[in-house]
Amino acid sequence: DSGDKKGLTVGFSQIGSESGWRAAETKLARQGAEAKGITLKFSDAQQRQENQIKAVRSFIAQGVDAILLAPVVSSGWDEVLGEAKAANIPVILLDRQIDTPNVDLYLTAVTSDTIEEGRVAGRWLAGKVQGRDCRIVEIQGTVGASLVANRKKGFEEAIATAPNLHLVRTQSGEFTRAKGKEVMEGFLKAEAPGSICAVYSHNDDMMIGAIQAIKEAGLKPGTDILTVSIDGVPDIFKAMADGDANATVELAPDMAPRAYDILLAYRKDHAPPPKWVQTPSKLYEPDTAAAEYARRKDLY
Amino acid sequence: MNALIRTLAPRLKAARPQLALLILALLVNVIVAPGFLDLRMQDGRLFGGLIDILNRGAPVMLLAVGMAPVIATRGIDLSVGVIMAISGAVAAAAVNAGLAWPLALLAALATGLVCGLWNGLLVAVFRLQPIVATLILMVAGRGIAQLVTEGRILTFTEPHLIAVAGSTVAALPLPVVLALAASGLTGLLVRAAALGLFVEAVGTNPRSSRLAGVHTGLVLGTVYVWSGLMAAMAGLIAAADIRGADANNAGLWLELDAILAVVIGGTSLYGGRFSIGRSVLGALVLQAMRTAILRAGLPPELNLVLMALVVAAVLTQQSPAFRPLAARLAARLKNKEARA
Amino acid sequence: MMGRLLNTRTLPLLATVVVFVLIYAVCAAQYPAMLGLRVLGNLLTDNAFLGILAVGMTVVVVAGGIDLSVGAVMGLTTVALARLIEGAGLPPLAAFALVLAGGALFGAGIGAAIHVLKAPAFIVTLTAMFLARGCALLISTDSIPIHTAGYDALAGAGLALPGGGRLTLVAGIMLLTFIGGGILLHGTRFGARVFALGGNAHFAQLMGINTRSTTILVHAFCSLMAALAGIVFSLYTRSGYALTGTGVELDAIAAVVIGGTLLTGGVGGVAGSFIGVLIQGLILTWITFDGTLSSWWTKIAIGALLFVFIAVQRLILLASTRYGRSGAGPGAPTTPHPAASTPVARSSAPGAAAPSAP
Amino acid sequence: MPQTETPVVLAARGLTRQYPGVRALDGVDLTLRAGEIHALLGENGAGKSTLINLLTGAQRRDGGTIIVDGMEIDPDGPGGAVRAGIAAVYQEITLLPNLSVAQNLYLGREPTRWGLVHRAAMNRDAGALLRRFGLAIDASRPLSDFSTAVQQLIAIARAVDLSAKVLILDEPTASLDTAEVQALFTLLRTLRDQGLAIVFVTHFLDQVYALTDRITVLRNGRLVGERRTADLPRLELVSMMLGKAPTAESHLARRPATSAGTGAPLVRAEGLGRRRLVGAFDADLHAGAVLGAAGLLGSGRTETALLLFGVETADQGQLMVDGKPVTLRSPRDAIRLGFGFCPEDRKLDGIVAGLSIRENIVLALQAKRGWWRRLSSAQQHELADRYIKLLDIRTPDAEKPIQLLSGGNQQKALLARWLATDPRLLILDEPTRGIDVGAHAEIVRLLEDLRDRGMALYVISSEIEEVAAYSDRVLVMRDRAPVGLLEGDSITPAAIVNAIAAEHHTGGAA
């Protein structure tokens, strides 16, 4: 194959555009490609695995130089990745891992550790409330989405070590602001007034909805009820800066640029990269929120 | 006053099945969350479970108000969910671009109008089957909304726009007032003017209606435009509620809720008779059940199954086959009792 | 000859084929790679499950109904299969038989509910969709890979085509399903009953058709096809996942409608649906080949292309029905004209037809 | 005619059917003997169709027994009835327009080969079957390609082919012309002679006497009596049906308007026509006069009405209203000019089933007034009640859904719809089809009354005597083109028949 960087064509099969976070990931993928002189073939799968498989097949048919895949589910990729391999096209997984006995099918995976994200959130909460008794409600993502089980599992692991933390209610907010708000309203009604001490949300959008619900119920989010969520979208930093939220665990959206670097390095020296390039799951608190907001608001 | 009673009484009587369902759904809520029926006044606004249901149900109420006449013409509007998303996005983008809030509101409503006009054109002039005609906008419309927001949630701080969902009129949240006012206005338009008769005539026999001089194209166009307008209003409420336009998720699958509400309201999907009031009741029934499911504290994996069972029960209760069956069952029970 | 070829039934189909060929030609001119057998093979394989769903949907729609539950039933099937094979250790073929039977039963239940409750299919199948999806999530919220050796062999089976393409087993199943569906719908007594039911359920009943059993069988068949699509999908991905096929029912309906089957029932066929499926696959392939469209422009493009297809089809139909008054287009509401204008040979001579004053 | 009593094939006893607000059938008996043609007679709404529906199981009965060949049967639907040897042609054509003619004929019992439907055989058999009815049509064509008359014949053919013991025909001749009726009668007589029991419903008394052996009369859902046709004089039959002695005067005495057709016409069609629809025709419609249209089925009479009412747009000729040229692009244009139109297909183009009688009556007037000037409920009720009374529409109240009325009463409600708009020109396509003797006379009187009050009428009818009786001019159509215009004293049934039949080569080689 040609080793020149110029004229490199990369196909990117994105899950869809269901959230601001994902829009940011796509945006960074495009910007990064432009910066590195890569021609990016982008395909939006609209949340469907079959569309992703179709896209990967089309990429192969077009003879791209590499494929980025943000898989919507963890299993079911062996066949199509096998085809890519047979065609000698390296595949880099973004954002989510896949479940396969044959890790040779892809070059590497650039993802965060989603269980760890839950753990970070749980550990922060345990530290925050110290020994105080705390009844927690959880707003989880879409039932069946691949992150949900892990973010739940990690969080539960972390709070299991602290006997004073109790997860009392969990309901799905389907990753959306509106549903997050509705679910939180329900929690506030269903639990005895003042008895909820913290909310854990699987993403920031739902948390922003929940914060509004808490406010509308006449309580002070961040004070009366602690909040911790995952993603690190600009609006949650704004909320933290305003004192309405307590913590967020960042899921860095710059997965594609990292993948480009790996890819270019690989094409240069043909040394296989590590199978998992883990992105950090950093926790942010209000102290840095204003600065972080300023840094991010144009990124999204 | 007497006249009011005379017009309302038969309607209430016709709405007995829906009222029964609503009461049942509210009862479930009471069981799930004691204190559900409590109402309290705070800062000049009523709070309580009933208000929540009205407030949360407002968007679907509006959609159902627009959907009922559409279904009565033997049509269907699958695009209302995305019209919500587009209009919300337009409003948010407009205020964020510095447009005055009244203009932003008008722009959002105009968006709904244009979308409805497009649907109406395809159905009435181009003569496409309504499902297909509105499917086109359903597919493309979400993209249009995302084009406006670039896939982000467009958060806004314009107080007047937020007030669409956040303010209070006569102790009720504004969305509730808006939804009720829209149903009242639509009801008036439909029954006090002749539109209702034309809609029902076109829905049952378009050929006869045309021969009788009814402007069928205009009637069809109007109902889709109205549906678009109602959806735009619902979209404004949804955006104002979360202070942001979420083009990706606003109104997602709500068209199905609206259709369900209209059907629970007793309108046949084969066109003909329809009732705005009962469709609104249908929307409330749905919201009450959804609220109960959300608050029951059961694992979320069960949500869909519960929803399915609830709708199945509603369908059974409404089915014409159910009444004699229930009567027979009751009779048999009575017999058994008598024998025992 | 031309007249026979261009009658009201074949015309929508012909228009669909013409549109398909036109668009394919445009695509191929832009991206020559799309011309190869590889892309064609992919088109069949990648849309195999959709094609199978479309066969079932065609039958339901011709019978005057609709089925919104097919995507969910397909998803449920994939999870059930994964559980049965990976969890319970059932041999794949036994698991297939089990889910097919389950699918048919589920559909029979839908049909029975529609008949007994006199409820519209739209709502009953919407409820069934909630139920199937809910059950799938109860079985497992995770996606479950299937690694049984036999499964891989089945999934990998296929014929190599020249040019790097493959005619896979799943594509073969789809083609067979279309042939089988065509025979069922157009060649059997059952098919005639389906058309009768869709034409006018009440009249069909007056003509002695058992509408209850027909409704039940039609929906059983559709869900059976959904289960088969689930099997194909699980072979295609070698895994089971509860959210598989979300929204696919609308694609299937669109394929059926593009293929010239009327949603009002009584008119249509599976051949058109086949083209409808290919057209949808083509749209997506073109969009990926293009590769410059953002997420939102992708959606807009899909909607716009759908519109263009339907518009072109209607224009073709309108242009050709100018030479004969009858014929409803695809997507057009049926307003049958009772007195069409075809002259008819009468055996009684005009002289003999003169009435004698009574 | 059989002299000795043949064995009873079917005995129905005490059949009862209650609809909300109407007891449509109240303990009615019916006895059918092998090899007889049995007329079932009664006014509109007497319960004839209901009785038939109960016999075939198309509707559940509330009481009574049906015994076929000594065995009690309980048909759970038309399928069950067919298995018991009973087949029926219903009043409205209940065939499936989306299927081919052959498929309609053999639905549910298609010939098969290797388990698949043997289309070629089916089409062949269908062709052979239809030839017995004088139809030489391609049975593989969709049913919707054919006219009502042909469809009616196909429905009859299907029932004849299905019936083993009992054949029921509910107003089979309503849309057939004389030749077709004769052909049908010949066939029915053959079937009778083969031992079939045939039930025949009609409103044409001539046909009753020409064909039937025995008569059962219903009135208001009750049995009035059963007689042998030969023993029952016409006048007595009519009084059995009406429940009172009929007025002596025949409604078919010629009574044209006294001063009709003079002066400028209200509406004048000059060479109006449309390609592939109907050839150019001239017509003058005067206030206070009736223009009749006569012709065989399919001669293009309906099409002239479609052009005059703007349902189809003319592509040649000129329409003048009040001496001014106008172009009609839709029915609304015509209505604005004060036209009204009662179409021939009641079910498809006329009634809005599901809406009440009241709503059906006010529909055209309301459409004329527009969206905003709504008729108040009080006005609507007043209008509906007035016309229900004026036209003697048999219904408990105006709120009943119109599709539950008997056919004749639906026709009257449609007439009411147009009368309510107070039209200047009323176009009536087959206004007396399916209407009973009593109502027939009423409608004819009503038309004369409307004419005398200065309305212009254009009446299309297949009943030549009727056309001859009240028309001031008669337009004769053949092969979609006008072939003659009769005026004044030259209008006699014989003259019309001659005009239809004469010089058929000039009628246009369409």
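Letters A, B, C and D name the chains as they come in the text, with residue numbers starting at 1 for each one.
Assume contacts are C-beta pairs under 8 Å (C-beta built on N, C-alpha and C of every residue); 3 or more make two chains touch, one makes a residue touch a chain.
According to UniProt, the chain labels map to these proteins: B, C = Simple sugar transport system permease protein; D = Simple sugar transport system ATP-binding protein.
All values reported here derive from a predicted model rather than from experimental measurement.
Enquirer: Relative to subunit A, which chain's C-alpha centre is the most remote?
Expert: Chain D.
Enquirer: Which pair wins on C-beta contacts, B-D or C-D?
Expert: Higher C-beta contact count between the two pairs: C-D.
Enquirer: Using CA atom averages as chain centres, what separation in Å is found between subunit B and subunit D?
Expert: Inter-chain centre distance comes to 44 Å.
Enquirer: For subunit C versus subunit D, what separation do you get between their C-alpha means, in angstrom?
Expert: Centre-to-centre distance between subunit C and subunit D: 41 Å.
Enquirer: Quick one: report the Å distance separating subunit A from subunit D, using the average Cα coordinate of each chain.
Expert: 71
Enquirer: Please compute the C-alpha centroid of subunit B, do the same for subunit C, then give the distance between them in whole Å.
Expert: A distance of 30 Å separates the two centres.
Enquirer: Find every residue in subunit D that makes contact with two or more other chains and list them.
Expert: Residues 348 of subunit D each touch two or more of the other chains.
Enquirer: Taking each residue of subunit C in turn, which ones touch at least two of the other chains?
Expert: Residues 137, 141, 295-296, 298-299 of subunit C each touch two or more of the other chains.
Enquirer: Can you list the residues of subunit B that touch 2 or more other chains?
Expert: 146, 150-151, 207, 301, 303-304
Enquirer: Go through the chains and record each pair that touches.
Expert: A-B, A-C, B-C, B-D, C-D
Enquirer: What does subunit A use to touch subunit B in their complex?
Expert: Going through subunit A, the ones touching subunit B are 17-20, 22-24, 26, 140, 143, 169-172, 174-179, 181-183, 185-186, 189-190, 205, 208-209, 212, 216, 218, 235, 300.
Enquirer: Going by the contact rule at the top, pick out the subunit A residues touching subunit C in the complex.
Expert: 11, 14, 16-17, 23, 26, 40-44, 46-51, 53-55, 57-59, 61-63, 73-79, 99-101, 143-146, 148-149
Enquirer: Touching residues of subunit B toward subunit A in the complex: what are they?
Expert: Checking each residue of subunit B against subunit A gives 32-33, 36, 42, 49, 52, 56, 146, 150-153, 155, 166, 238, 241-244, 246, 248-250, 252, 291, 294-295, 297, 299-301, 303-304.
Enquirer: Under the touch definition given earlier, write down the residues of subunit B that touch subunit D in their complex.
Expert: Of all residues in subunit B, those touching subunit D are 192-195, 197-198, 200-201, 204-205, 207-215, 272-273.
Enquirer: For subunit C, which residues are in contact with subunit B within the complex?
Expert: Per the touch definition, subunit C meets subunit B at residues 113, 116-120, 122-124, 126-128, 130-131, 133-135, 137-138, 141, 250, 253-254, 257, 262-264, 295-304, 306-307, 310-311, 314, 329, 331-333, 335.
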